[in-house]
Amino acid sequence: MTEMDGGGLPVLERYRAVRARSLLLAAPLSIEDCSAQSMPDASPVKWHLAHTTWFFETFVLERFEPGFAPFHPAFRVLFNSYYNGIGERHPRAQRGLLTRPALGEVHAYRCDVDTRVARLLAGAEIATAPALADLVELGLQHEQQHQELMLTDVLHLLGQSPLLPAYHDGARAPQADGGALDWMDFEGGLAVIGHHGATFCFDNELPRHRQFVEPFALSTRLVNNGEYLAFIEAGGYQDASLWLAEGWDAVRTQRLAHPLYWRHDAQHNGHNGHNGHNGHDGGGGGGWREFTLHGEHKLDLAAPVTHLSLYEAAACAAWMGARLPTEAQWELAAQSAHAGALRQMSGACWQWTSSSYAPYPGYGSAPGALGEYNGKFMLNQYVLRGSSHATPPGHARASYRNFFPAGARWQFTGLRLAR
Amino acid sequence: MTEMDGGGLPVLERYRAVRARSLLLAAPLSIEDCSAQSMPDASPVKWHLAHTTWFFETFVLERFEPGFAPFHPAFRVLFNSYYNGIGERHPRAQRGLLTRPALGEVHAYRCDVDTRVARLLAGAEIATAPALADLVELGLQHEQQHQELMLTDVLHLLGQSPLLPAYHDGARAPQADGGALDWMDFEGGLAVIGHHGATFCFDNELPRHRQFVEPFALSTRLVNNGEYLAFIEAGGYQDASLWLAEGWDAVRTQRLAHPLYWRHDAQHNGHNGHNGHNGHDGGGGGGWREFTLHGEHKLDLAAPVTHLSLYEAAACAAWMGARLPTEAQWELAAQSAHAGALRQMSGACWQWTSSSYAPYPGYGSAPGALGEYNGKFMLNQYVLRGSSHATPPGHARASYRNFFPAGARWQFTGLRLAR
Amino acid sequence: MTEMDGGGLPVLERYRAVRARSLLLAAPLSIEDCSAQSMPDASPVKWHLAHTTWFFETFVLERFEPGFAPFHPAFRVLFNSYYNGIGERHPRAQRGLLTRPALGEVHAYRCDVDTRVARLLAGAEIATAPALADLVELGLQHEQQHQELMLTDVLHLLGQSPLLPAYHDGARAPQADGGALDWMDFEGGLAVIGHHGATFCFDNELPRHRQFVEPFALSTRLVNNGEYLAFIEAGGYQDASLWLAEGWDAVRTQRLAHPLYWRHDAQHNGHNGHNGHNGHDGGGGGGWREFTLHGEHKLDLAAPVTHLSLYEAAACAAWMGARLPTEAQWELAAQSAHAGALRQMSGACWQWTSSSYAPYPGYGSAPGALGEYNGKFMLNQYVLRGSSHATPPGHARASYRNFFPAGARWQFTGLRLAR
Amino acid sequence: MTEMDGGGLPVLERYRAVRARSLLLAAPLSIEDCSAQSMPDASPVKWHLAHTTWFFETFVLERFEPGFAPFHPAFRVLFNSYYNGIGERHPRAQRGLLTRPALGEVHAYRCDVDTRVARLLAGAEIATAPALADLVELGLQHEQQHQELMLTDVLHLLGQSPLLPAYHDGARAPQADGGALDWMDFEGGLAVIGHHGATFCFDNELPRHRQFVEPFALSTRLVNNGEYLAFIEAGGYQDASLWLAEGWDAVRTQRLAHPLYWRHDAQHNGHNGHNGHNGHDGGGGGGWREFTLHGEHKLDLAAPVTHLSLYEAAACAAWMGARLPTEAQWELAAQSAHAGALRQMSGACWQWTSSSYAPYPGYGSAPGALGEYNGKFMLNQYVLRGSSHATPPGHARASYRNFFPAGARWQFTGLRLAR
């Protein structure tokens, strides 16, 4: 889908930029930070760096490089994420035990593969160039997805430490929006949904197809921390009637009482007698603090609430007399002439929808192992739309379908209301 | 929604017939059979008998009976299934430990409530009669749902016994269909889906609404045991590429290799030398036997395959070059002029769809505890359409939405193909 | 080891008496009570009734009865407890799912085996009589052990019920002892431990052997509920320094705060204004109630504390400045001339010792499956001495070694102090 | 218990030597190797380095250093292993997530504490010197225990890697002993057991006391890999009659079939046609390989079998017609005039005994948090005697009591026979 310019240079430049960004994201971290795995769902940064390289080695070099030989034979297994078509893979929950290869060796692995991909791109014949460029582009999009995962996984790891260390003091945060929570109406009708045009998209955004949508309204911005705090203080986590049955089970068995990275600190309970200019925090928040990529800080009430499970998002929406949007509603709104009036559609946080992740009518996955990229996950997962402050610039689009299980909380997941 | 005839007699007659059928279903069982719980998802028959009675006591008598007093104060908790709005409930996994009340006491409970409901129906004033009749009808539909669960739960319990006892030698079985697996084409278009008319339906079948459906085809009958056996023998349970990711995990961790109640018996491997008239079994089946409500018998290759998880249904469909239908496709086909040419649409077994169980646009649940009947389960469950041989006659309809988690196998669940 | 009197009558009379007692113990229970299993460690009463019969069928009839044929071929597996030497066995945790055979069939099984054992005893030739009588006696001792287990397992089952039903209003209870907690000194020395004489004992009580014991003292009675309540009220369950490491883990992960069947009822908090004669309860107890075989009642402060794990027994002993006795200390004291001054040595509750269950020097188990009776459990279990109010009269003796894992709480287990 | 020589120099020299040895052991490892935790029972090397330092900081500096201030306030919690008396502690299973402090900071922590301890030792007044020296010696013995744990934990971590990396090519291995398995008889009698003399010992080796021991015999060397292989090949892991009940459960649920680090490699099955000098491996071993601190190599049949659970040790002993020794037998033999004829008593591998870890008569633990060092673990653990090739030279002695749960396999644990 991606066109390669004559000499292949634009693709190569893009390749170098995306690949360099991964290293940049890892730069603030120690060797130990890069190696640890805080839970089975998260992966070590070192593993992300290696796996994204494995992707190019396996799906690009192995197919196109004459006389291909693997950088290290064991890496085929160690850094295979979930591709049964490629063969065995290292157990997911034990990625943190892969002290070998060391981070330095993974850097060498990246270097070697980068050199070979660059050589390939430079010398590609006209016949193979488009297919090669498409696969390289897929690899880069894949790497961008992992760039966001690197940040969510690092945040989770650092959040386990009693020292509450910052990933980076200057890390980006989702932008606050102090404006009112207004509603925008949409007429619905026979919408056309899915990616169109010649630019890149994942296979799960296709085919473009018709879907009938009833009239609906969306909130003009995301629900923010202040509103979510009101939900908590109104007893939202104690009122079963607001929750889906599975969500209520989670509340009780996991003793959920607030978003993942919130912590109530009795010592910071609003009134710091010795601190006359405390008011600039905007007041309120009652001792609540939030752990973020730049450490723990006082809860910003105007910032979008994030690190919610779908359970929490749906319960808060119900408490606010609303619902989650469907993905068709979201995409239709994003396409509309008035989309500009909807704030925080992208770049703030991913927005849960009530749509289960399912194939579009006529969906067909690619043949071979690459067909496992998306299709086999289309069960018991829910679609998120938009993008977050941690999504690489330019990566997402209106038809983009992110997806996670309903209970996932370590992603940058928030809530836009529908009714 | 149900109209009560003048003197209330038709409702009362129906009440008596449905209530009596529950006792009839329990009749072949011993006291011990009625009391045991074979897994957390299944309930003892005694519990079903009490819970369905509790439903009338709680939602009918407590609302309408003057001077209402409960039959036994503890039953409010013991026989509450999942209604948080009613209060505490006995832990689901410990229903088999409720040796008290004894089965006899549960019979007395049923008698008492039946007498009081009958008295209420007989004396209902015109003002309250319709609301009362609607709730009684809901209670009867609810009891019919539990009548099927009694059979699936008993089958599971008896299936745990090394003695492989029959529930009832004369139990009904899904009908075999020796015909070819043909396809019927449908044009699709802007379908109108959901219940219509004045007759009873559950709230999840409403509101009737439009949905756009692409052209599709359905198989004219269900996939049968012979076809499923071919899938097994072709290595279906060993080929990851056929499975959804979650299904493949289930195959490996639960070591799935065949439908729930199949068993391969080397001693019955097709050729019973000493049994000259073995041929009437229809040949084939290679030693496979199936446990059913009338005991274990040789696998009937022409009968619809049942007790499949959605994982298995989807994998077998993929192997056969097809997919699961969506629920809209299924309902559209059931409404069509040619529906008669589709065999086994009801009365054979429930048919997995690829549709996650979600609220229809504009869905609203009832206020109060009854609102928990359906709505709170609309997450991580998948819709099944049709009905099974164990569904009470007249209970299901074209718009009926049954639902279970994708991994459930102890229901009478089978597979119709779509493409 | 047991001698059979001339005509075999005494053994037969004893056989009938012990076997009848099992039925007597089951008499107050409903069919459902007899069939349920409240946890993997406990067994249904029906299973106990069948298993003790299986023991006679397998180890007596199968060896001695000419032309032996099993009552039912499947029972060999269903009612085998843990004898690998006999073959397969039904999974322990699923004994409650054995709704078949029904209780009536188990009664028939008992009848049949009883008739055949009686015939065998009556006709035994002089050559085989002693071996036969020994095995019958072992079977009776085995059945007596299960008689106590029937009561502990029933208590546990009924304790799961919100109805808190009594097993039997007239059930025996451990006798209270209002006397002071005094100490009796023992000189120790080279003690001789183990069973001696021609009467029956289990193989784990042999061989009699020498063991060196330092001087020690034992408390003259068991620790009672009042003393244990003082331990609780002094914060015993919050003070890690009193607990063995594994015990402290259990306190935290299982949230232990009192003995198994205690319950604090704020409504019965000592001062029943409307009940002038409340004083006869002996005062104190502050709202604590205990569930027993005759239902729930106000905690009797003078009764021995029971249903303690070894963890709790050891922590309470430490709090009282004492320790658990070793089994050698206990047995030496029981043999001593002054044993009479030690109260509640038997018939109150089993007394935890600090001795791990291990073979005596020179211990050898019987050949064949019967060798599994005791020897294979000699690891990670701790010895209890004495007997409880639920132990069949005449069953225990000074050299008797009962044993359970340190965390077991559903037995009638209490605490005598040593120092 | 340890006497400090006049100016304190010998203690200081010893301090420096022991502390330096820990760093030496960590030297072959990468930062990642030092940070990972392969299972909850094992700890990262970095954690060992910090915890042993914490021990000196908490029990030496905090008590004796004027104006004591902690190196880092959070370390009190992070590096507390199990001392409830000190306060909170980081969850054991999450030690591998402590990416902060980095290894470099832990080195700085060690340096700082070493400087301060040295200053303290140099300036100690006569009054405090003995108490100080005793605590320093306890800290050094403690660090030596962790030195062995560092090696067992590293071995376990590296053993998880598909790359099977060597810790150190030159690591020591338990010495092979090609001699016959002979028996040495001991008379038994009233033995005196426990540490004596003025040298250091742990509190669990005291008090020295009398114990009566029957006559017994010990094998003159440890059971070796060849003998254990014969046990395997004779079907030892399939014969329930050889196993303790808990061991047989472990065999089935964990699918045990060989010692922890053995692996059967069909490609190395004895006959390497292309390798003419294969014979120098001593023949036999049939394709079995063992993973060790210097990588994976062909199984050395003459080396002592190691990494056995007590279950496996007891089953193999039973198969060889023998038993495990008691700890009193072992210690009595070690004290005897003929001890020299017993080979591999120390320096090869730890030897399971059948003795549960229990307090000696009259045992009393130290007051305060140090009292938790040993006493609270005296339940459900079994004593090992001797020492292994990984035990620091000079650390163990005849009265030394090592202890682990019966199922532990990652220590250097082997088997000497008794009868």
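Lettered A, B, C and D in written order, each chain numbered from 1.
Rule of thumb we're sticking to: a residue touches a chain if its C-beta (ideal position, glycine included) is under 8 Å from a C-beta of that chain, and two chains touch if they have at least 3 such contacts.
Just so you know, these numbers come straight off a predicted model, no measurement behind them.
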- Shared touching partners of chain A and chain B are none
- Item | Centre-to-centre distance between chain C and chain A (centres being mean Cα positions), rounded to whole Å | 58
- Query: Measuring from the mean C-alpha position of chain B to the mean C-alpha position of chain C, what distance in angstrom results?
  - Reply: 46
- Query: So how far apart, in whole Å, are chain C and chain D when each is placed at the average of its C-alpha atoms?
  - Reply: 38
- Junction residues of chain B, two or more chains touched: none
- Task: Provide the full list of chain pairs in touch.
- Result: A-B, A-D, B-C, C-D
- Give every residue of chain B touching chain C within the complex, in rising order. 30-33, 35-36, 38, 46, 74, 77-78, 90, 94, 96-103, 157-158, 160-163, 165
- Note on the structure: In the complex, the residues of chain B that touch chain A are 82, 84-85, 190, 209-212, 214, 240-241, 243-248, 310, 354-356, 358-359, 361-362, 371-372, 376-380, 406
